[in-house]
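Each in structure tokens, the structures are laid out below.
Each of the next two complexes has chain A plus one more chain, namely chain B in the first and chain C in the second.
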Partner chain A sequence: MNAFVARHRLIVLAYLGMLVLLLVTSYFSPGFLSEANLRSSVVLAAFVGIVALGQTFVIIGGGIDLSVPWVLNCAAILMAILCGGQDLPLLWVGPLVLAAGALVGLINGIGVAIFGVPAIIMTLAANVILQGLIVIYTGGLPTPRAPEMIRFLSVGRLGPIPVIGILWFVLAIAASFLLSKTAFGRYLYAVGSSATVAEFSGVPTARTTILTYVLSGFTAALAGMLLTGYSGQAYLGMGDPYLFTSVAAVAIGGASILGGSGHYVGTIAGALVLTILAGLLPALGLSTGALMVVYGVVILVTVAIGSEAFASLLRLVLPMRAGRIGSRQP
Partner chain B sequence: MRMRTMLLGGAVAAATMGAFQAPAVAADPYVIYLSNNFMGNDWRQQMIRSAEIAVKKGPLAGRVDLRIEQAEGTVQAQINSLNNIIREKPDAILIDAASQTALNPTVKRACDEGILVISFDQTLTEPCAYALSVDWDYTPRVLAEWVAEKIGGKGNVIIDRGLAGYEASIATTKATEEVLAKYPDIKIVGYFNGDFAPGPEQSGAAAVLAANPQVDAIVNMAYGTGAMQALKDAGRPMVPVTAFSFNGSAVACMETEGASCILGSNPPYLSAEAIKMAVEVLDTGKRPENRAILVPNSFFSTDPLPSKLFPETVIQKLEAGKNAFPDLSPGLFLPVSPDWVEITPQEAAGQS
Partner chain C sequence: MDLLSAHGLSKRFGGIVALDDASFSARAGEVHALLGENGAGKSTFIQILGGVLRPDAGTITLGGSDYRPVDPDAARARGIVTVFQELSSIPDLTVEGNIWFRREPRTVLRTVAKREIRRRTEALLDRYGFPALHPAQDLRRLSLAERQLVEIAKALAQEPRILVLDEATSSLAARETDWLLQLTRRLAEEGRLVVFISHRMGEVRAVADRLTIFRGGRTVAAHDAAAVSDEQIVTEMIGRRLERLYPERVSSATDRIAVGARDFSSGPRLPGVTFTLHEGEVLGVGGLQGHGQRELFQGLFGVARTQGEMTLWGTPAAIASPRDALVGREGIALVPEDRRGQGLMLSKTVRENLTLSVIRRMSSHGVLSRPREAALVKEMVDFLRIKVSTPEQQADTLSGGNQQKVIFGKMLLTEARVLLLYDPTRGVDVGTKSEIFQMMRDLAARGYAILFYSSDLQELVNVADRVMVLREGRVAATLAGDQVSEDAILRAAMFDEAA
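On to the complex of A and B.
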């Protein structure tokens, strides 16, 4: 147990932060811990969590994917239009849209890993291009309603448990398995720590990097389809909130934004922290401007608590326990 | 004061309507440009379609050579586009503006060239240009009064503040609060920011519902469907909601068990109204004195109640197939057609 805490100090801190925030929120918002609200919070966290899944892989590999907003939005609109409100077309539209998301990721990955375009430029450009394409494609037609099937996946439930919560759990297990138990996972940490060293050690760096972007495109597209179910319709701009939240969830979850460390288990805590925070703020009764300030500050503080600098500070203040708190996975 | 502008608006409408009946003898169609700065939402796209349809049939058929200019994105792009338009010396320019003030100098030049300029929807402050819109102060007051009366003048209300820092959101929220303040037993227990999008509206409403065990009504600035879904998710009974007239909202209000709603509107056919006004002014050569032209507001409700604040207000009862369309896109805006020309719901949705 101690060994686990020592190895995953940042992730443990993220969950502790989440618990503190949960207590504070339930104090200000008494209904927050009700079954119904916890359920709707899990649903909201799942969207962030699913977008942040691919983002976690990309960031661990030393990159960043800024194309998630419009990959998500394009997937949502494409699905809504191709399905025309019907369930049956979903059988081929679903895989098609996910493949399209993965394809965007593939292009991003090739741009970054093969052609050496900086990840920020590559994915930002992809984002803008997709935004333009979707305006051309829709050509002014409002999109139809979301198919009932996709609504069931995002707002339906089995007994007390939201369907999307189950889906998220399965994805989380798959992501954790990929990171911890496969050669791809080991390569990924190596590439993120130092691409050069990884290259000389025989790690297929390009393939590993490309795969992270493919994964990110896939999860963003999946989130786009599910989010359409949640809102009942697709609309332009629906992906915009998920750029900051997906990166913030990864950072709060203890991953280094420079790559080489982090885990999806941490990102889950990050997604939950952001969702609980969004639930806390309206309950405080602050003005809109003040809310935005508080939102930003809490995220910064949460990320700072997990940082190396904060750990060094702790070492100064608590010299006796420094060894244990400060030790880190090599 | 507000009533007076309303009446003036009505008077202008009546005067121009009268002029409209007169047989028109124009030979060549008027060249009218429509300058739009943004295509990124359903409303603007329906607005453009409404303009295109309105000049093809009814009283404007054959009267207008409509040229639509898209200046995507920035204020600068729209200024450039307007400069090009002015060089063509059209009869009139209609503008859905990127900025209330930044286009003013350019528009002033157009006026000085003798071109009729009518801004609509996102209007301009330039005095030489007309500003055609619905009455944004009146609409939220009717909605707030309805919701207050609907809950018997007593209870807890939560309010969607729209988009943070957006001027129209602030004004709408203020008007809502002023009306609700007249009911001493109504308490505003929470606010959220719906950002004019269904997702944020739903999560915002859900958060405020969690913080307040008793909520009796929800005032929304856009869809209302997010708020109703949040009620459902929280296992709460439906409460009266106010929203704006998206087809999807209207359909949800009619189909949701126990829902009662009122919907205010900002009709996309404002573009068609602007074209009609331009033709009337060009036909008669008479320019309305008041630059603010108010297009009549439409209201829809599952349970229309008479307005005491504005007795002249007509609130239509929602009816499937008549003023709301379950088979058409939820992103369609209602009402789809003014009364002087028929824009069918299918045409408005781009499905004809």
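On to the complex of A and C.
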């Protein structure tokens, strides 16, 4: 148990932070812990969590995916238009949209891993291109309503449990399995901690990197479809909040933004923290603007806490524990 | 009167005692060797001297007054400059940019005075006779050895009263090492103190006036160099008698060819070599630094593009990437040049490092088997006697020798029977060195074929069955049996026999 806490110190911290936040929120907003409210929090967190799933893999591998907002948005609009409000077309539209998301990821991954384009540039460019394409495609017109089947997936429930919560749980198990129990997971951590060492060790570095982007495109597209179900229709700009929240969830969840460490178990806590925070601030009478400011500060502080510089600062402040944190044995 | 003296120095890192009541004293005008195995406390001591660490207890006096540097700048201000083993140069700057980094001469407008920098750099390189460095070269294009020279130049530019050289020769080739040894003598004659750390006894013998030996964080002895034997020094360093550094050379080479290369080339530094490496053989690779050794190793391992013919165990091989090389028993494994940059994931555990190249072997259908992994890890930790408290220990907490053992373990787990060892004893203590040489012999006896490059000529002479000397990326000579000597290797490396 102790070894687990030591190894996953940051993930444990993320869950502790979430609990504290939950208590504080319920103090200021007594209705917060009601069943209905918890349920809606889980639903909101699930959207962040699903987008952040792919982002977690990309960031562990040492990259970043800035194309998630418009992959999400394109998926949403494509689905809405192709289904035209009907359930039946979803059977082929769903897989098609997911495949399209994965394809964008494939292109991102090939650009980064084979052609050596920096991840920031590659995915930022993909984001802008997709934005342009979708504006051309829709001509800015509103889309049909979301099919009922998608609505069921995102707002329906089985007994007291939201369907999307179950979906998220299944995805979380799959992601954790990939990271902890498979060769691909091991390769991913190796590529993220040192691409050179991984290459010298015979790790299929390019393939591993490309797969992370494919996964990210896939989860962004999935989230886009589900979000359409949640809001009833697809609209331009619906993906914009998810760039920041997906990266923030990963960072709050204890992953190094430079790659090589982290876990989806942490990202789940990150997604929940962001959602609870979004509930707390209105309860404190703060505006949406203030919410954004606090969001920004929270991610800065959490990333700083996880950093090497913060560790050495701690060493200065707490000389008793000098050298414990990350220092080198002579 | 001692220029530098330290008493009762102690330093702990958590539960680990790095220095335990250590003492040290040295005079101006001498080269003072500091000896000890990896983990003996040498690095901690010089980090305290250099202002990087602060001791938990103890005092240091420098030139008669109290010395407590709070940071490296404070140490430099008192005239102590350290050339650390881990290079701290900035790859994006030029040679001169690195030498004068943070101390650039300025113009009246506070911009960097480029011409003045060039003038000073040339004067500096000239004054100390630096081999083969040009002020405007980009650092990222330089070899490890050349970067090491830049570090030394940077230190000398600060006109130190006390110069600390931590394993400064470990990445240098013979000629540059000779130059550095002469330089240390000259600095001592100018009245400065040089604290010299090296794992190579020959070098210590060549330059040191006196020596201090650390073991387990304590000072075990201080001697006049002339009054003590090599054997006694080694005994004091390791706390027991080392039977012999080099194992007995019983050749186990067979007629079977493991690696055959014909006109094997890679870039301008390796225009073409032809050689054979036999089953059971340790083939040494010699020559001056930068004459194609690195390109040869990287080419064989698939890191660099190559042309020409290559056979592996009799069949033509096309190796375009390390993945092509690491294919089990019929493959090739490498101990790379840069332990920290190419060999180890420093922030990962010993376990994760050991098994990285054999993940496929311990998984079925892509799913890992932790018990199988644990078994492989235990096997290697025991076999190589890697000193870890648990395999979950992070790689960067290990000493240099133990880190190298982890890399060896990683290589052996691949089961490849052709091993490429690029300077495997660099920065490794004498006890571990002798273990590595013995292991090489044992592996050769079991039919492994080993290509062995070392920047230490003595090692080539004492460990290899044959030595292939490279000059300008071609085989200048292949020495065998009685022909193998430091002298013969150097001659082949430098002169055209026909001339």
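Simple rule for what comes next: the second predicted complex is superposed on the first by the 291 of 330 C-alpha atoms of A that agree within 3 Å, B and C clash if a C-alpha of one lies under 4 Å from a C-alpha of the other, contacts with A are read in each partner's own complex, and residues count from 1 in each chain.
The rule we apply is simple: a contact is a pair of C-beta atoms (placed from the backbone, for glycine too) under 8 Å apart; a residue touches a chain by one contact, two chains touch by 3 or more.
For clarity, every value in this text was computed on a predicted model and none was experimentally measured.
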Report for A:S261: first if it touches chain B alone, second if chain C alone, otherwise both or neither.
second
Per the contact definition in the header, classify A:G116: touching chain B only (first), chain C only (second), both, or neither. neither
Check the residue A:S194 against both partner chains and state whether it touches chain B (first), chain C (second), both, or neither.
second
Next on the checklist: By the touch definition at the top of the document, which applies to A:G159: first (chain B), second (chain C), both, or neither?
Outcome noted: neither
| task | Could you tell me if A:A183 is touching chain B, chain C, both of them or neither one (first, second, both, neither)? | result | second
Exercise for the section: Examine A:P204 and indicate which partner it touches, taking first as chain B and second as chain C; both and neither are also allowed. Expected result: second
Partner touching more residues of chain A, chain B vs chain C, is chain B
Note: overlapping chain A surface for chain B and chain C spans none
Per the touch rule, the chain B residues reaching chain A in their complex are 39-42, 45-46, 48-49, 161, 164-165, 190-193, 197-200, 202-204, 206-213, 225-226, 229-230, 233-236, 248, 252, 329-332, 349-351
Listed in rising order, chain C residues that touch chain A in their complex are 12-14, 16, 18, 39, 41-44, 47, 301, 303, 321-323, 325-326, 334, 336, 341-348, 352, 355-357, 359-360, 363, 366-368, 392, 396-399, 410, 414
Counting only contacts in the complex, chain A reaches chain C at residues 3, 7, 181-187, 189-190, 193-194, 196-204, 260-261, 322-324, 327-330
Chain B partner, complex, touching residues on chain A are 28-32, 34, 36-37, 39-41, 43-44, 135, 138, 140-145, 155, 227, 230-233, 235-238, 241, 278-283, 285, 288-289, 291-292
